[in-house]
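Chains here go by letter, A, B, C and D, matching the order in which they are written, and residues are numbered from 1 within each.
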Amino acid sequence: MIKVQREDFDVGAELAALSAGRGEVGAVASFIGLVRDVAGPGELSAMTLEHYPGMTEKQLGELEAEALARWPLDRVLIIHRHGRLLPGDRIVLCAATSSHREAAFEACAFLMDWLKTKAPFWKLEEVGGQSSWVAAKDTDEAAAAKWTKNE
Amino acid sequence: MIKVQREDFDVGAELAALSAGRGEVGAVASFIGLVRDVAGPGELSAMTLEHYPGMTEKQLGELEAEALARWPLDRVLIIHRHGRLLPGDRIVLCAATSSHREAAFEACAFLMDWLKTKAPFWKLEEVGGQSSWVAAKDTDEAAAAKWTKNE
Amino acid sequence: MKVLYFAWLRDRVGVAEEIVEPPIEVTTVGELIAWLAQRSARHGEAFADPAIVRCAINQNYAKADESFSRTDEIAFFPPVTGG
Amino acid sequence: MKVLYFAWLRDRVGVAEEIVEPPIEVTTVGELIAWLAQRSARHGEAFADPAIVRCAINQNYAKADESFSRTDEIAFFPPVTGG
(Lines give C-alpha, C1' and ligand atoms only; values in the text may rest on other atoms or scores of the structure.)
Protein backbone atom coordinates (compact mmCIF):
# COMPACT_ATOMS: atom_id res chain seq x y z
CA MET A 1 0.00 0.00 0.00
CA ILE A 2 1.26 3.46 -0.95
CA LYS A 3 0.30 6.75 0.71
CA VAL A 4 1.73 10.15 -0.19
CA GLN A 5 0.38 12.77 2.16
CA ARG A 6 0.96 16.03 3.98
CA GLU A 7 -0.42 14.75 7.31
CA ASP A 8 1.42 12.76 9.93
CA PHE A 9 0.64 9.04 10.32
CA ASP A 10 0.02 6.73 13.29
CA VAL A 11 2.84 4.16 13.26
CA GLY A 12 1.17 1.75 15.71
CA ALA A 13 -2.17 1.79 13.87
CA GLU A 14 -0.56 1.45 10.43
CA LEU A 15 1.60 -1.52 11.42
CA ALA A 16 -1.27 -3.22 13.27
CA ALA A 17 -3.55 -2.85 10.23
CA LEU A 18 -0.86 -4.30 7.97
CA SER A 19 -0.83 -7.67 9.76
CA ALA A 20 -4.40 -7.76 11.12
CA GLY A 21 -6.12 -11.03 10.23
CA ARG A 22 -3.10 -12.31 8.28
CA GLY A 23 -2.51 -15.59 10.11
CA GLU A 24 0.66 -16.47 8.19
CA VAL A 25 2.45 -13.23 9.11
CA GLY A 26 4.95 -13.67 11.93
CA ALA A 27 7.38 -10.91 10.95
CA VAL A 28 6.84 -7.16 10.54
CA ALA A 29 9.98 -5.21 9.68
CA SER A 30 9.67 -1.46 9.50
CA PHE A 31 11.64 1.73 9.16
CA ILE A 32 10.74 5.25 10.23
CA GLY A 33 12.66 8.22 8.83
CA LEU A 34 12.68 11.37 10.99
CA VAL A 35 13.74 14.97 10.36
CA ARG A 36 17.10 15.46 12.05
CA ASP A 37 17.94 18.67 13.86
CA VAL A 38 20.74 20.13 11.76
CA ALA A 39 20.81 23.56 13.40
CA GLY A 40 23.48 24.66 15.82
CA PRO A 41 22.74 25.65 19.42
CA GLY A 42 19.97 28.25 19.70
CA GLU A 43 19.05 28.02 16.01
CA LEU A 44 15.84 26.75 14.50
CA SER A 45 15.79 24.35 11.60
CA ALA A 46 13.05 23.03 9.36
CA MET A 47 12.74 20.96 6.22
CA THR A 48 10.35 21.26 3.31
CA LEU A 49 9.77 18.20 1.18
CA GLU A 50 8.76 18.91 -2.38
CA HIS A 51 7.64 16.10 -4.65
CA TYR A 52 6.36 15.40 -8.16
CA PRO A 53 2.69 14.50 -7.70
CA GLY A 54 1.73 11.55 -9.84
CA MET A 55 5.26 10.38 -10.51
CA THR A 56 5.79 9.80 -6.78
CA GLU A 57 2.82 7.45 -6.53
CA LYS A 58 3.86 5.71 -9.74
CA GLN A 59 7.46 5.15 -8.62
CA LEU A 60 6.47 4.00 -5.12
CA GLY A 61 3.87 1.65 -6.61
CA GLU A 62 6.53 0.09 -8.83
CA LEU A 63 8.84 -0.19 -5.83
CA GLU A 64 6.11 -2.01 -3.88
CA ALA A 65 5.53 -4.42 -6.81
CA GLU A 66 9.27 -5.06 -7.12
CA ALA A 67 9.60 -5.94 -3.42
CA LEU A 68 6.58 -8.26 -3.59
CA ALA A 69 8.14 -10.00 -6.62
CA ARG A 70 11.59 -10.40 -5.03
CA TRP A 71 10.70 -11.70 -1.56
CA PRO A 72 8.03 -14.00 -0.10
CA LEU A 73 6.11 -11.13 1.47
CA ASP A 74 2.51 -10.79 2.52
CA ARG A 75 2.25 -7.00 2.23
CA VAL A 76 4.28 -3.84 1.76
CA LEU A 77 3.51 -0.37 3.13
CA ILE A 78 5.13 2.93 2.16
CA ILE A 79 3.90 6.22 3.61
CA HIS A 80 5.82 9.35 2.60
CA ARG A 81 5.00 12.87 3.72
CA HIS A 82 5.57 16.15 1.87
CA GLY A 83 5.37 19.80 2.93
CA ARG A 84 7.14 21.64 5.74
CA LEU A 85 8.38 19.50 8.65
CA LEU A 86 10.24 20.22 11.88
CA PRO A 87 13.04 18.29 13.64
CA GLY A 88 11.71 15.04 15.08
CA ASP A 89 8.78 14.92 12.64
CA ARG A 90 8.18 11.63 10.83
CA ILE A 91 8.99 11.73 7.10
CA VAL A 92 8.55 8.17 5.94
CA LEU A 93 7.35 4.76 7.11
CA CYS A 94 8.31 1.62 5.20
CA ALA A 95 7.18 -1.83 6.28
CA ALA A 96 7.18 -5.37 4.93
CA THR A 97 5.36 -8.36 6.44
CA SER A 98 6.18 -12.00 5.90
CA SER A 99 6.25 -15.41 7.55
CA HIS A 100 10.08 -15.14 7.35
CA ARG A 101 11.98 -12.47 9.24
CA GLU A 102 14.90 -12.40 6.78
CA ALA A 103 12.53 -11.61 3.90
CA ALA A 104 10.83 -8.86 5.92
CA PHE A 105 14.15 -7.28 6.96
CA GLU A 106 15.73 -7.44 3.50
CA ALA A 107 12.64 -6.12 1.73
CA CYS A 108 12.37 -3.22 4.17
CA ALA A 109 16.01 -2.22 3.63
CA PHE A 110 15.51 -2.55 -0.13
CA LEU A 111 12.44 -0.29 -0.01
CA MET A 112 14.40 2.44 1.75
CA ASP A 113 17.46 2.17 -0.51
CA TRP A 114 15.41 2.38 -3.70
CA LEU A 115 13.10 5.03 -2.33
CA LYS A 116 16.12 7.21 -1.54
CA THR A 117 17.28 7.16 -5.17
CA LYS A 118 14.04 6.76 -7.17
CA ALA A 119 11.14 8.49 -5.43
CA PRO A 120 10.93 12.10 -6.72
CA PHE A 121 11.22 14.02 -3.46
CA TRP A 122 13.55 16.93 -2.77
CA LYS A 123 14.50 18.34 0.62
CA LEU A 124 14.84 22.07 1.17
CA GLU A 125 16.64 22.67 4.46
CA GLU A 126 16.19 25.85 6.51
CA VAL A 127 18.83 26.70 9.10
CA GLY A 128 18.93 30.08 10.80
CA GLY A 129 16.82 31.72 8.08
CA GLN A 130 18.90 30.33 5.18
CA SER A 131 17.33 27.81 2.79
CA SER A 132 19.29 25.34 0.73
CA TRP A 133 18.50 22.22 -1.27
CA VAL A 134 19.95 19.05 0.20
CA ALA A 135 22.44 17.38 -2.16
CA ALA A 136 21.98 13.74 -3.13
CA LYS A 137 24.45 11.36 -1.49
CA ASP A 138 26.74 9.00 -3.39
CA THR A 139 26.31 6.53 -0.53
CA ASP A 140 22.58 6.35 -1.33
CA GLU A 141 23.35 5.54 -4.97
CA ALA A 142 25.78 2.84 -3.86
CA ALA A 143 23.25 1.38 -1.41
CA ALA A 144 20.60 1.18 -4.13
CA ALA A 145 23.04 -0.27 -6.66
CA LYS A 146 23.82 -3.29 -4.50
CA TRP A 147 20.25 -4.60 -5.01
CA THR A 148 20.85 -4.60 -8.78
CA LYS A 149 24.17 -6.44 -8.68
CA ASN A 150 22.64 -9.32 -6.74
CA GLU A 151 20.33 -10.32 -9.58
CA MET B 1 16.11 -0.57 27.13
CA ILE B 2 14.94 -4.08 28.02
CA LYS B 3 11.42 -5.07 29.05
CA VAL B 4 10.29 -8.63 29.77
CA GLN B 5 6.59 -8.69 30.48
CA ARG B 6 3.34 -10.59 30.28
CA GLU B 7 1.32 -7.58 29.01
CA ASP B 8 1.03 -6.38 25.42
CA PHE B 9 2.91 -3.22 24.39
CA ASP B 10 2.00 -0.12 22.35
CA VAL B 11 4.29 -0.15 19.30
CA GLY B 12 3.60 3.45 18.27
CA ALA B 13 4.16 4.83 21.80
CA GLU B 14 7.30 2.75 22.36
CA LEU B 15 8.93 3.80 19.07
CA ALA B 16 7.96 7.44 19.54
CA ALA B 17 9.45 7.47 23.06
CA LEU B 18 12.67 5.91 21.75
CA SER B 19 13.45 8.88 19.46
CA ALA B 20 11.67 11.69 21.33
CA GLY B 21 13.98 14.65 21.87
CA ARG B 22 16.93 12.88 20.21
CA GLY B 23 17.76 15.44 17.52
CA GLU B 24 20.47 13.34 15.88
CA VAL B 25 18.19 10.37 15.27
CA GLY B 26 16.94 10.17 11.69
CA ALA B 27 16.49 6.38 11.46
CA VAL B 28 14.32 4.04 13.51
CA ALA B 29 14.48 0.40 12.38
CA SER B 30 12.18 -2.01 14.14
CA PHE B 31 10.90 -5.56 14.06
CA ILE B 32 7.68 -6.99 15.47
CA GLY B 33 7.29 -10.74 15.94
CA LEU B 34 3.73 -12.08 15.94
CA VAL B 35 2.20 -15.43 16.87
CA ARG B 36 1.41 -17.23 13.61
CA ASP B 37 -1.76 -19.26 13.21
CA VAL B 38 -0.46 -22.81 12.84
CA ALA B 39 -3.83 -24.56 13.17
CA GLY B 40 -5.72 -26.10 10.29
CA PRO B 41 -9.17 -24.91 9.22
CA GLY B 42 -11.65 -24.84 12.09
CA GLU B 43 -8.98 -25.50 14.74
CA LEU B 44 -7.79 -23.20 17.46
CA SER B 45 -4.15 -22.63 18.20
CA ALA B 46 -2.27 -20.85 20.96
CA MET B 47 1.27 -20.46 22.14
CA THR B 48 2.70 -20.27 25.64
CA LEU B 49 6.08 -18.62 26.08
CA GLU B 50 8.04 -19.83 29.06
CA HIS B 51 11.24 -18.08 30.08
CA TYR B 52 13.99 -18.12 32.69
CA PRO B 53 13.37 -15.03 34.85
CA GLY B 54 16.59 -13.23 35.61
CA MET B 55 18.63 -14.91 32.90
CA THR B 56 16.34 -13.44 30.24
CA GLU B 57 16.94 -9.88 31.42
CA LYS B 58 20.67 -10.57 31.75
CA GLN B 59 21.01 -12.00 28.24
CA LEU B 60 18.91 -9.27 26.64
CA GLY B 61 20.89 -6.62 28.51
CA GLU B 62 24.14 -8.05 27.14
CA LEU B 63 22.62 -8.18 23.68
CA GLU B 64 21.69 -4.50 23.93
CA ALA B 65 25.22 -3.60 25.07
CA GLU B 66 26.73 -5.63 22.22
CA ALA B 67 24.59 -3.84 19.60
CA LEU B 68 25.48 -0.42 21.06
CA ALA B 69 29.18 -1.36 20.90
CA ARG B 70 29.06 -2.65 17.32
CA TRP B 71 27.08 0.10 15.57
CA PRO B 72 26.81 3.91 15.89
CA LEU B 73 23.40 3.75 17.55
CA ASP B 74 21.57 6.17 19.77
CA ARG B 75 19.35 3.63 21.55
CA VAL B 76 18.19 0.04 21.50
CA LEU B 77 14.82 -1.32 22.63
CA ILE B 78 13.85 -4.95 23.22
CA ILE B 79 10.42 -5.87 24.58
CA HIS B 80 9.65 -9.59 24.88
CA ARG B 81 6.44 -11.05 26.23
CA HIS B 82 5.88 -14.34 28.03
CA GLY B 83 2.76 -16.29 28.99
CA ARG B 84 -0.09 -17.59 26.83
CA LEU B 85 -0.60 -15.83 23.49
CA LEU B 86 -3.04 -16.25 20.61
CA PRO B 87 -2.47 -16.02 16.84
CA GLY B 88 -1.83 -12.43 15.80
CA ASP B 89 -0.61 -11.44 19.28
CA ARG B 90 2.65 -9.51 19.48
CA ILE B 91 5.55 -11.50 20.97
CA VAL B 92 8.54 -9.23 20.57
CA LEU B 93 9.53 -5.71 19.53
CA CYS B 94 13.15 -4.89 18.68
CA ALA B 95 14.24 -1.43 17.62
CA ALA B 96 17.46 0.47 17.01
CA THR B 97 17.80 4.21 16.42
CA SER B 98 20.66 5.98 14.72
CA SER B 99 21.59 8.86 12.48
CA HIS B 100 22.46 6.23 9.84
CA ARG B 101 19.81 3.94 8.39
CA GLU B 102 22.29 1.12 7.60
CA ALA B 103 23.38 0.98 11.25
CA ALA B 104 19.76 0.93 12.44
CA PHE B 105 18.76 -1.84 10.01
CA GLU B 106 21.79 -4.03 10.67
CA ALA B 107 21.59 -3.66 14.44
CA CYS B 108 17.89 -4.53 14.41
CA ALA B 109 18.49 -7.71 12.36
CA PHE B 110 21.38 -8.59 14.68
CA LEU B 111 19.18 -8.17 17.76
CA MET B 112 16.60 -10.59 16.37
CA ASP B 113 19.17 -13.17 15.22
CA TRP B 114 20.94 -13.26 18.58
CA LEU B 115 17.72 -13.09 20.55
CA LYS B 116 16.45 -16.18 18.69
CA THR B 117 19.47 -18.24 19.80
CA LYS B 118 20.47 -16.69 23.16
CA ALA B 119 17.40 -15.39 25.01
CA PRO B 120 16.05 -18.20 27.24
CA PHE B 121 12.48 -18.45 25.95
CA TRP B 122 10.68 -21.64 24.94
CA LYS B 123 7.50 -21.91 22.91
CA LEU B 124 4.82 -24.44 23.76
CA GLU B 125 2.42 -24.72 20.85
CA GLU B 126 -1.20 -25.85 21.27
CA VAL B 127 -3.06 -27.09 18.21
CA GLY B 128 -6.42 -28.82 18.49
CA GLY B 129 -5.91 -29.62 22.17
CA GLN B 130 -2.41 -31.08 21.68
CA SER B 131 0.60 -29.29 23.20
CA SER B 132 4.14 -29.63 21.93
CA TRP B 133 7.39 -27.77 22.45
CA VAL B 134 8.62 -25.95 19.35
CA ALA B 135 11.99 -27.26 18.17
CA ALA B 136 14.89 -24.85 17.65
CA LYS B 137 15.72 -24.17 14.01
CA ASP B 138 19.13 -24.73 12.44
CA THR B 139 18.46 -21.68 10.27
CA ASP B 140 18.31 -19.52 13.43
CA GLU B 141 21.71 -20.85 14.54
CA ALA B 142 23.13 -20.10 11.10
CA ALA B 143 21.65 -16.60 11.10
CA ALA B 144 23.18 -15.84 14.50
CA ALA B 145 26.53 -17.34 13.50
CA LYS B 146 27.00 -14.94 10.61
CA TRP B 147 27.38 -12.02 13.03
CA THR B 148 30.31 -13.82 14.66
CA LYS B 149 32.13 -14.62 11.42
CA ASN B 150 32.17 -10.97 10.42
CA GLU B 151 34.38 -9.97 13.32
CA MET C 1 4.85 21.03 -25.48
CA LYS C 2 4.90 21.29 -21.68
CA VAL C 3 8.05 20.99 -19.60
CA LEU C 4 8.02 20.74 -15.76
CA TYR C 5 10.82 21.76 -13.38
CA PHE C 6 11.32 20.77 -9.75
CA ALA C 7 13.47 21.80 -6.78
CA TRP C 8 16.56 23.90 -7.63
CA LEU C 9 16.01 23.42 -11.37
CA ARG C 10 12.71 25.28 -10.95
CA ASP C 11 14.37 27.93 -8.79
CA ARG C 12 17.04 28.54 -11.45
CA VAL C 13 14.72 28.52 -14.47
CA GLY C 14 12.26 30.66 -12.50
CA VAL C 15 9.04 28.81 -13.41
CA ALA C 16 7.53 25.45 -12.39
CA GLU C 17 6.39 24.74 -15.93
CA GLU C 18 6.46 26.29 -19.35
CA ILE C 19 5.24 25.64 -22.88
CA VAL C 20 8.10 25.32 -25.37
CA GLU C 21 8.30 24.58 -29.10
CA PRO C 22 11.63 22.92 -29.82
CA PRO C 23 12.50 22.56 -33.54
CA ILE C 24 11.61 19.27 -35.22
CA GLU C 25 15.21 17.98 -35.17
CA VAL C 26 15.20 17.96 -31.34
CA THR C 27 14.03 14.41 -30.60
CA THR C 28 16.01 13.10 -27.59
CA VAL C 29 16.22 14.16 -23.96
CA GLY C 30 19.85 15.19 -24.43
CA GLU C 31 18.98 17.35 -27.43
CA LEU C 32 16.10 18.94 -25.54
CA ILE C 33 18.41 19.81 -22.63
CA ALA C 34 20.93 21.40 -25.04
CA TRP C 35 18.15 23.36 -26.73
CA LEU C 36 16.54 24.50 -23.44
CA ALA C 37 19.94 25.62 -22.12
CA GLN C 38 20.09 28.23 -24.94
CA ARG C 39 16.73 29.79 -24.12
CA SER C 40 17.90 32.25 -21.47
CA ALA C 41 20.69 32.92 -18.99
CA ARG C 42 18.55 31.30 -16.29
CA HIS C 43 18.01 28.19 -18.40
CA GLY C 44 21.72 28.12 -19.12
CA GLU C 45 22.45 28.16 -15.39
CA ALA C 46 19.86 25.47 -14.67
CA PHE C 47 21.26 23.10 -17.29
CA ALA C 48 24.94 24.06 -16.83
CA ASP C 49 25.83 20.51 -15.75
CA PRO C 50 23.57 18.04 -17.59
CA ALA C 51 25.17 15.18 -15.65
CA ILE C 52 23.28 16.20 -12.50
CA VAL C 53 19.95 16.78 -14.25
CA ARG C 54 17.40 13.97 -14.13
CA CYS C 55 14.60 13.65 -16.69
CA ALA C 56 11.25 11.87 -16.62
CA ILE C 57 9.08 11.19 -19.67
CA ASN C 58 5.48 10.54 -18.62
CA GLN C 59 6.69 10.04 -15.02
CA ASN C 60 9.29 7.40 -15.93
CA TYR C 61 13.00 8.06 -15.68
CA ALA C 62 14.56 8.72 -19.09
CA LYS C 63 18.23 8.82 -20.15
CA ALA C 64 19.80 11.43 -22.47
CA ASP C 65 19.50 9.24 -25.58
CA GLU C 66 15.80 8.52 -25.13
CA SER C 67 13.42 10.16 -27.59
CA PHE C 68 10.13 11.80 -26.70
CA SER C 69 7.01 12.87 -28.50
CA ARG C 70 5.46 16.36 -28.38
CA THR C 71 2.49 15.07 -26.34
CA ASP C 72 4.65 13.53 -23.58
CA GLU C 73 4.89 15.03 -20.09
CA ILE C 74 8.58 15.96 -19.74
CA ALA C 75 10.05 16.86 -16.34
CA PHE C 76 13.53 17.92 -15.27
CA PHE C 77 14.80 17.82 -11.70
CA PRO C 78 17.91 17.28 -9.54
CA PRO C 79 18.88 13.88 -8.10
CA VAL C 80 16.19 12.99 -5.57
CA THR C 81 16.67 13.34 -1.80
CA GLY C 82 13.57 11.84 -0.17
CA GLY C 83 13.24 9.22 2.53
CA MET D 1 22.95 -27.60 45.52
CA LYS D 2 19.97 -26.38 43.48
CA VAL D 3 19.37 -27.33 39.83
CA LEU D 4 16.68 -25.69 37.66
CA TYR D 5 14.91 -27.24 34.67
CA PHE D 6 12.96 -25.50 31.93
CA ALA D 7 10.58 -26.43 29.07
CA TRP D 8 10.61 -30.11 28.04
CA LEU D 9 13.56 -30.85 30.33
CA ARG D 10 11.32 -29.88 33.25
CA ASP D 11 8.43 -31.93 31.83
CA ARG D 12 10.64 -35.02 31.53
CA VAL D 13 12.36 -34.68 34.92
CA GLY D 14 8.99 -33.87 36.49
CA VAL D 15 10.08 -30.92 38.65
CA ALA D 16 11.07 -27.30 37.96
CA GLU D 17 13.91 -27.44 40.48
CA GLU D 18 15.48 -29.86 42.91
CA ILE D 19 18.21 -30.00 45.53
CA VAL D 20 20.92 -32.52 44.65
CA GLU D 21 24.19 -33.57 46.30
CA PRO D 22 26.57 -34.82 43.59
CA PRO D 23 29.75 -36.52 44.85
CA ILE D 24 32.86 -34.37 45.20
CA GLU D 25 34.46 -35.73 42.01
CA VAL D 26 31.63 -34.24 39.88
CA THR D 27 33.05 -30.82 38.99
CA THR D 28 32.10 -30.00 35.36
CA VAL D 29 28.78 -29.47 33.60
CA GLY D 30 29.31 -32.64 31.55
CA GLU D 31 29.99 -34.70 34.66
CA LEU D 32 26.91 -33.25 36.37
CA ILE D 33 24.74 -34.20 33.38
CA ALA D 34 26.10 -37.77 33.43
CA TRP D 35 25.49 -38.00 37.20
CA LEU D 36 21.95 -36.52 36.99
CA ALA D 37 21.05 -38.91 34.15
CA GLN D 38 21.55 -41.85 36.59
CA ARG D 39 19.18 -40.52 39.24
CA SER D 40 15.94 -41.90 37.80
CA ALA D 41 14.32 -43.14 34.63
CA ARG D 42 12.85 -39.66 34.12
CA HIS D 43 16.25 -38.01 34.51
CA GLY D 44 17.66 -40.58 32.10
CA GLU D 45 15.04 -39.63 29.53
CA ALA D 46 15.60 -35.90 30.06
CA PHE D 47 19.36 -36.18 29.56
CA ALA D 48 19.26 -38.96 26.92
CA ASP D 49 20.88 -36.69 24.33
CA PRO D 50 23.29 -34.29 26.09
CA ALA D 51 24.03 -32.61 22.74
CA ILE D 52 20.60 -30.92 22.80
CA VAL D 53 20.77 -29.90 26.45
CA ARG D 54 21.87 -26.35 27.23
CA CYS D 55 23.32 -25.33 30.59
CA ALA D 56 23.63 -21.99 32.37
CA ILE D 57 25.82 -21.32 35.40
CA ASN D 58 24.61 -18.23 37.26
CA GLN D 59 22.53 -17.29 34.19
CA ASN D 60 25.48 -17.46 31.76
CA TYR D 61 25.73 -20.15 29.10
CA ALA D 62 28.21 -22.87 30.06
CA LYS D 63 29.76 -25.63 27.96
CA ALA D 64 30.21 -29.27 29.05
CA ASP D 65 33.83 -28.80 30.17
CA GLU D 66 33.09 -25.80 32.42
CA SER D 67 33.34 -26.37 36.14
CA PHE D 68 30.87 -25.10 38.73
CA SER D 69 30.81 -24.57 42.46
CA ARG D 70 28.18 -25.92 44.88
CA THR D 71 26.80 -22.40 45.45
CA ASP D 72 26.21 -21.64 41.74
CA GLU D 73 22.75 -21.48 40.21
CA ILE D 74 22.76 -24.27 37.62
CA ALA D 75 20.00 -24.52 34.99
CA PHE D 76 19.34 -27.04 32.22
CA PHE D 77 17.05 -26.40 29.28
CA PRO D 78 16.50 -27.17 25.58
CA PRO D 79 17.78 -24.92 22.76
CA VAL D 80 15.84 -21.65 23.03
CA THR D 81 12.93 -20.76 20.73
CA GLY D 82 11.94 -17.18 21.59
CA GLY D 83 11.49 -14.18 19.35
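Criterion: a residue touches a chain if its C-beta (ideal position, glycine included) is under 8 Å from a C-beta of that chain, and two chains touch if they have at least 3 such contacts.
Treat the numbers as computed from the prediction; the structure is a model and nothing was measured.
Counting steps between touching chains, the shortest path from subunit A to subunit D takes 2.
Mean C-alpha position of subunit A lies 23 Å from that of subunit B. Centroid to centroid, with C-alpha atoms defining each point, subunit C and subunit D lie 73 Å apart. Chain centres here are Cα means. That of subunit B falls 26 Å from that of subunit D.
Of all residues in subunit A, those touching 2 or more other chains are 33, 112, listed in ascending order. Every pair of chains meeting the contact definition is listed here: A-B, A-C, B-D.
Per the touch definition, subunit C reaches subunit A in the complex via residues 4, 6-8, 11, 56, 59-61, 75, 77-83.
Across the complex, subunit B meets subunit D through its residues 33, 49-52, 54-55, 58-59, 80, 91-92, 112, 115-124, 133-137.
By the touch rule above, subunit B contacts subunit A in their complex via residues 10-13, 15-16, 19-21, 23-37, 87-88, 99, 101-102, 104-105, 108-109, 112, 143.
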